[in-house]
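Sharing a structure below in structure tokens format, with a few things to ask.
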Amino acid sequence: MPEAATGKVERGAHRYPVRVYFEDTDTAQMVYHANYLRFMERARTEVLRLCGVSQSVSMSGEPREALGYAVKSCALEFLAPARLDDLLEVRTETSDVGAAFIDFRQDIWRGDTAIASAVVRVVCLDGRGKPRRQPAHLIARLDSILPVRSLAKA
Amino acid sequence: MPEAATGKVERGAHRYPVRVYFEDTDTAQMVYHANYLRFMERARTEVLRLCGVSQSVSMSGEPREALGYAVKSCALEFLAPARLDDLLEVRTETSDVGAAFIDFRQDIWRGDTAIASAVVRVVCLDGRGKPRRQPAHLIARLDSILPVRSLAKA
Amino acid sequence: MPEAATGKVERGAHRYPVRVYFEDTDTAQMVYHANYLRFMERARTEVLRLCGVSQSVSMSGEPREALGYAVKSCALEFLAPARLDDLLEVRTETSDVGAAFIDFRQDIWRGDTAIASAVVRVVCLDGRGKPRRQPAHLIARLDSILPVRSLAKA
Amino acid sequence: MPEAATGKVERGAHRYPVRVYFEDTDTAQMVYHANYLRFMERARTEVLRLCGVSQSVSMSGEPREALGYAVKSCALEFLAPARLDDLLEVRTETSDVGAAFIDFRQDIWRGDTAIASAVVRVVCLDGRGKPRRQPAHLIARLDSILPVRSLAKA
């Protein structure tokens, strides 16, 4: 059942739950900083799945037609520590879209406490690792579920 | 809401869903072997949560009273590769229980395909890292949801 | 022998070698983006060790006297993919120092190819997780091995 | 310089150093159990490199000729906790070799303290994921640096 996406869109953001397990923590008894990037990547994968993109499918096939996403840059702020057993929510919004990139704004919350915040740029690549134009239907679908902020402002 | 456990008990086993994300795979395009241990640990944490044990709570407090679990040994077999986007199920059963240990049998399935299988012994430790007797109510609760096989046989 | 630091200071930067293993890669056959943060953290730990700070020691003891570092923010750029078996070098420089923080500039290279680049702010915390002033001798030692750029400019 | 292997063979075992970093630990303030498998895999990769096998090279190329190793099974015992900043040594010996498999005995030590012990079976696969016969020169090379115990006994 790989088509069933986890998380839901509500009030303009995709909301993805993450439980903190031992594997996510470190000896300082908080979540290890790099692991927030893992949580955010899980959420983006689910957003793409909602848009009809399953990367395990789209990355295979003829290299020029293949489609995958790679992180190009990110800026992260760590606001409060998360700990073992915490139930977190990753909130994902679309802040900008170009021909070959998407900028996501992603915030992690534990109830009313902001844990971490990031802007992440992903670029669309073909099977040879070259940037490629994103399919129009994917962008249209993304904009329908997570309206692009910069477009909304224009 | 840390009390809400993920997974469910059905037909004698605890069933815990795991989606395979990029972080779980490696360049051989399958799940990296050590990551199956992470999946199994998530499932055991949820079994303990169903038994009323939240380790973030039980490990804090007075060291002699504190209670946590550590893996003592495990035997793993890797049966078939899992891949990106796979939706797996970790099935956990109790195969033996002693004063200070629990032996779990854990199998990972993708639909009808067996992916990995393990027997994992966890030991109950106090806050000083010494083995300690498990509370009777925990064992009773565990036996009520995942009847201990070796007891059942006796 | 925990006092033996890995890496060396040369031409104004700390240089720390990292071999890419299966655990570091993902199904796209490159290093998973979050893992560059792991590589950079290893290098910063070695820089602190060169400065005489062993966090396993300094984080224990009386909470107000304890000293550890946590990542407060980071900005990362991914410039070229690294792959299995690559031998990388993490180059760490000090770009700014405050009473309770250090800004590191960290670049990852494979030979002449720039792989990733980051600015990472770490804050000094006591045993209760409160920001605390860094010891003068640590800053003096850091400035002696990796002269602070912003100071050098002034 | 991907051909430079880390670690050395001494007194019948390959010895590979591992420093424990934050990423390796968990909130119980010890190394997370699954991470010992990562340490052991790094050591096996270096043993194969000493035998002239670079998996990033050998896994590419024509699928029937390609060669890679996958873990088939392992049995692990956790003997004592390792902690942040520990300098560990992974000792690898060859306990058995077949046409398409190698059994490694791997022990992790911190000075005189045994931390973890494992027997790991890896199988040799071609580029289609099918078991394949290992090249004779690889086995000869392996036996010359880490003499196979079961052969030695015969």
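The first chain written gets the first letter, and so on, giving A, B, C and D; residue counts start at 1 in each chain.
Just so it is clear, contacts are C-beta pairs under 8 Å (C-beta built on N, C-alpha and C of every residue); 3 or more make two chains touch, one makes a residue touch a chain.
This is a predicted model, so every value here is computed, not measured.
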Outermost chain relative to subunit D, judged by CA means, is A
Comparing B-D with A-B, the busier interface by C-beta pairs is B-D
Taking each chain's centre as the mean of its CA atoms, subunit B sits from subunit C at a distance in Å of 35
Distance in whole angstrom between the CA centres of subunit B and subunit D is 26
Check: subunit B positions touching at least 2 other chains come out as 22-23, 27-28, 30, 34, 38, 41, 56, 83-84
In the complex, the residues of subunit D that touch subunit A are 22-23, 25-30, 32, 34, 83-84
The residues of subunit B that touch subunit D in their complex are 27-28, 30, 33-35, 37-38, 41, 56, 59, 68, 70-78, 81, 129
As the complex stands, subunit B meets subunit A at residues 1-2, 4, 6, 19, 21-23, 38, 41-42, 45, 54-57, 83-87
